[in-house]
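Pasting in a structure now, in structure tokens, and then I'll have a few things to ask.
Labels run A, B, C and D following the written order; every chain starts at residue 1.
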Amino acid sequence: MDVGIVGSTGYGGVELYRLLSNHPNVDGCILYSSSLEGSSYAEQYPHLSGLSHESVKPIMIEEMQQLDFVFLAVPSGVSKELAQKLMGKKAKVIDLSGDLRLKVPGEYEEWYKGESAPQDVLGKAVYGLTEINRHAIREAELIANPGCFPTATLLGLAPLYQQDLIDPHSLIIDAKTGLSGAGRKASQSSHFAETQENLRIYKVHQHQHTPEIEQQLKEWSSEAGPITFTTHLIPMTRGIMVTMYADLKDSCTTEQLHTRYQSFYEKHPFVRIRPVGQFPGTKEVFGTNFCDLSIKADPRTNRVTIVSVIDNLVKGAAGQAVQNMNVMLGLDETTGLHHYPIYP
Amino acid sequence: MDVGIVGSTGYGGVELYRLLSNHPNVDGCILYSSSLEGSSYAEQYPHLSGLSHESVKPIMIEEMQQLDFVFLAVPSGVSKELAQKLMGKKAKVIDLSGDLRLKVPGEYEEWYKGESAPQDVLGKAVYGLTEINRHAIREAELIANPGCFPTATLLGLAPLYQQDLIDPHSLIIDAKTGLSGAGRKASQSSHFAETQENLRIYKVHQHQHTPEIEQQLKEWSSEAGPITFTTHLIPMTRGIMVTMYADLKDSCTTEQLHTRYQSFYEKHPFVRIRPVGQFPGTKEVFGTNFCDLSIKADPRTNRVTIVSVIDNLVKGAAGQAVQNMNVMLGLDETTGLHHYPIYP
Amino acid sequence: MDVGIVGSTGYGGVELYRLLSNHPNVDGCILYSSSLEGSSYAEQYPHLSGLSHESVKPIMIEEMQQLDFVFLAVPSGVSKELAQKLMGKKAKVIDLSGDLRLKVPGEYEEWYKGESAPQDVLGKAVYGLTEINRHAIREAELIANPGCFPTATLLGLAPLYQQDLIDPHSLIIDAKTGLSGAGRKASQSSHFAETQENLRIYKVHQHQHTPEIEQQLKEWSSEAGPITFTTHLIPMTRGIMVTMYADLKDSCTTEQLHTRYQSFYEKHPFVRIRPVGQFPGTKEVFGTNFCDLSIKADPRTNRVTIVSVIDNLVKGAAGQAVQNMNVMLGLDETTGLHHYPIYP
Amino acid sequence: MDVGIVGSTGYGGVELYRLLSNHPNVDGCILYSSSLEGSSYAEQYPHLSGLSHESVKPIMIEEMQQLDFVFLAVPSGVSKELAQKLMGKKAKVIDLSGDLRLKVPGEYEEWYKGESAPQDVLGKAVYGLTEINRHAIREAELIANPGCFPTATLLGLAPLYQQDLIDPHSLIIDAKTGLSGAGRKASQSSHFAETQENLRIYKVHQHQHTPEIEQQLKEWSSEAGPITFTTHLIPMTRGIMVTMYADLKDSCTTEQLHTRYQSFYEKHPFVRIRPVGQFPGTKEVFGTNFCDLSIKADPRTNRVTIVSVIDNLVKGAAGQAVQNMNVMLGLDETTGLHHYPIYP
């Protein structure tokens, strides 16, 4: 099976390359990029010396259409055009950008400040939060792979929303991410001397992942409304932690909630519910497709705190994309994703 | 004027030494420690080679009583004993531990798991949040210097609570700190290989600064009840950011709130209100006594997000202690604290 | 095949666990530790939640003797006792400590400040620098796995010494390492706040890896004498870079040297010679068993600079140990070691 | 006294601003920049909120000529033009670029790949290594402020060269620097995700500071020839460590060398010779103008290892520039530079 990686020179692209090159059902990766075409991939990424012998190709729509799978790891705004051209051809498409995730007319325009993909493309795109949408993903030809923050957030909230345990109006989401989330392009906000030994908040009330989270929450609960979602930049490369707070509808102990989470995620190999009293650190999922969750009730406030961690480039991007490919192929979901976290 | 630093070999102690050695009204620092007595201070802290010629003395109560000021930078539990012995003598005492902050019987026992200081000591101890308690501090002989998280949090919330702008029940406080807050003693949780490229949450619903924050909020508002307060460890050495969320009682724009904050802190040299739309990073107060604040209303949710940053070892500990000393001496509050942040 | 990991709770041990758990010829890992016996491994290392179900056993010599392979990842001083008790039994032993490396009487005593292993044990122990000693390793029952610095250094120098290209008296070795090399035990020298944003030199002229390097160099060249070898602590977790300098015997271009290196390491899958003009960063081998090398001649000085990088926990410890196990088993040397570096 | 900072928006410029704003003899800083003219300085550098009220001006030669001091903190290549235009006017000029340091015709062209400043400008420019050239600096009107690496290196070598203790042909200089040395301009080589948890070597045998070091060494010793000098990027913001190695001409103990260093630098307030057996870390000079030195002889090899650390932005740039200004003004050399290192 031959797969294409479009936007191969970005961090999402190179992580797809790491995972797909070691995937037993993938014979070869074909690398595309609109900016570095013609260059040797191992020169772009010297850690691949001796491992990659590919050159980066320009965008070649017709060739891509004939592949088995095409992963779009290009910026939002670019992706929708490619997705449209690839639709209805041989290649199944997994889009890692934000272009195909928002279904409500006007939302993309509001949050992404650009024109939305056409409704027929949006209509075909299945939201690829694997643990939640596995059945639809299996039949899909086009996947809107979730954003990194929505993945960690929604997996943390699913049991509470589906079982109607919290008051949706009370939800607060405080997210923290490492700097690889900003991509490979150099900028002052990701310059080492400005970010090391620094902690910043950004896009306050304006992060484009806000409507993506809201859209899913509304599917789960008719009470769900606008949420408070903020994001912080942590001086580390990989990893997301989302800390969530909500009022419990009824009184509930940590142990009861823990049991619900365990049973909710029992058959989901990539979600690990931590023992009562233990909370995950981001490094404990480093390099893997795991999402680790903890939950704790506070009887003083009748509120619950949920902690969710992922590796933003794996479960938050490339890993979940491969997990979706596995589902679409009818493979065991963990195929090619059996990594142990690198620790320390 | 001679001042004593007890617990001089910890990070709070050495930061006091940096500030007091360059304070125009301080002639000399006398250094005490129960663990490293007799050692040369510059050997303990080689960055002071050629700057410090002091040896560290053992705890000597009688000598301390005759000093002008004594700073207690020892762990909670130890401090209350020393404070008691120093009371009513010549030396004014500034206690940086948590021992003298909680006034409500039973709270210290619950959160610090030890026996509280006697009520007469507690009764004399003025809570040293300078911007709020300046008048009482001026007359005090014993100061309970605030905790690092309460300092950043309470300065961020004061205008909202004093002007009754938010619903106290809705308050969520998500705090993040660098690792120097854990002190100088080596432990696995502050071991480099376990903390670098890692982000962790700790003491969920159990941090001992919780009742300290609640106590002050209750003074400001009869509606204030138990709060949700969580703390995260950031892979950096210095700096605290506290992100706070609350429901607005009435609709209010960011500009209106900004104006209120500016006028509330107009005469407070160490609180900097950032322009609308700009949020502070922790590095922007590095090494200084500043507390930088931003506030933003979200019309979608009718909620407000407040961001507060400090250097945990300066405004969160040693700097505020010196600021309090200045107030007690009738000096300009900024004496000896005119540092510019080190950037980058 | 069942393998034992002694000292399983240290960083070397847990890296062995990562590699061996995913090794196709290994059925199970049995974990031993003298300090944390009885505890659940996943509690010691929460990143292994759901992956490890082992408990840590106490040291059990008789059980160990019956295993197929035993890896000793215990401190120098402890290892020699265990190695002695395991000798001549079923289990083949790979010792990751420094106990069995130095063959010259008196050297261990001088550099390790303890009593050497008995000569009969030393005599059986084959120095496990795989690329150099592959034939002897194949027949060995006891391996002295090389130190992290000697591995990077000796692979960098082998072509120059074996082909008599440099003046051994001129050799200078400036080594830099991340902090995981110091192990998991907390200490002030690996405390986050003391090491982050800091760069230190340590054990100047006294590092115990010095005689290990000298011993091998003397095997290669009768002219080799005492070397200058210094080590620096870099604020990062993993990775070693060794920068080496030596006078060329005859004038030689970078291209000529490059060709020699390429041909020297042609059949060695874990040594990557970088293209002329490109130098490796430590992150480019992160998590893998690669040793990446570059060499450059300086016509101005007629000197050569050699740069060698490894992941100290993989090629510098656990990875090379597994590579040696593969050789001893007659397997392809790369079995279970096909990792791509995690980047970024 | 009014001083101008040209290139004020770079890291050298903002560090000059920090030092000069707190200098007792400086009334005001006038800020110039060719790229960000018209902008508010506090917007460029939000850590200066409330501290700086200046706007950044465009380059205005005539105005600059009338100032008391002008600091040129602009890139090499730009500086020489400005220096030329300012020569012979009221303003004394301190140039922090590499443009005026190399006196031998052809060297600038070779190492900086551009046209050298005219000989009359070069002839007037005094090399501002304060500890070495104090007398000439006192009379100078134009200073070529030394590079960061040459400062640390030359202060480390001066006693050995001036007292003819080592063989110049044997000298090896292995330098390590934090990333602020690369300036504020974003680039991939200073992108957080590419540099954190990474260690790289760069400009091997090609660093433009090589001839600057050689030029001074040749002044000290007729035997001095081309040197081996390499530079490494450390994942930290500030700090340089230079490790130097050389053969001793005669046998010499560490204690003897230590005594020579102590007496050589006895009257130099910014050079701190560490006690025998103690080596400085970069963090121990953080934010200050200190250069800390250690030296150790190795009787096994009859070689000496010298370690020198500075803060690259202070003693390696802005701090030494202010020190030179103090000398030129006949002030105490430490005026405005009495900082204690920020630690931890």
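The rule is short, and it goes like this: a residue touches a chain if its C-beta (ideal position, glycine included) is under 8 Å from a C-beta of that chain, and two chains touch if they have at least 3 such contacts.
For each chain, UniProt lists the protein as follows: A, B, C, D = N-acetyl-gamma-glutamyl-phosphate reductase.
This one's a predicted model, so the numbers in the text were calculated from it and none came from an experiment.
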Farthest-lying chain, centroid of Cα atoms versus that of subunit D: A
Which of A-B and A-D has more C-beta pairs touching across its chains: A-B
Whole-Å gap between the CA centroids of subunit A and subunit C: 37
Whole-Å gap between the CA centroids of subunit A and subunit B: 38
Subunit A-subunit D separation of Cα centroids, rounded to whole Å: 46
Two or more partner chains touched - positions in subunit A: 11, 178, 180, 184, 193-194, 196-197, 235-238, 281, 283, 286, 344
Residues of subunit D defined as touching subunit C within the complex: 170, 172, 174, 176, 178, 193-194, 196-202, 204-205, 225-228, 230, 232, 234-239, 241, 243, 245, 279, 281-283, 286, 296, 298, 300-301, 303, 305, 307, 309, 344
Parts of subunit B lying in touch with subunit D, wherever the complex brings them together: 11, 14, 18, 21-22, 45-51, 180, 184, 196-197, 237-238, 272, 274, 278, 280-281, 283-287, 292, 338, 340-344
Subunit A - residues contacting subunit D, complex: 11, 178-180, 182, 184, 186-188, 190-197, 235-237
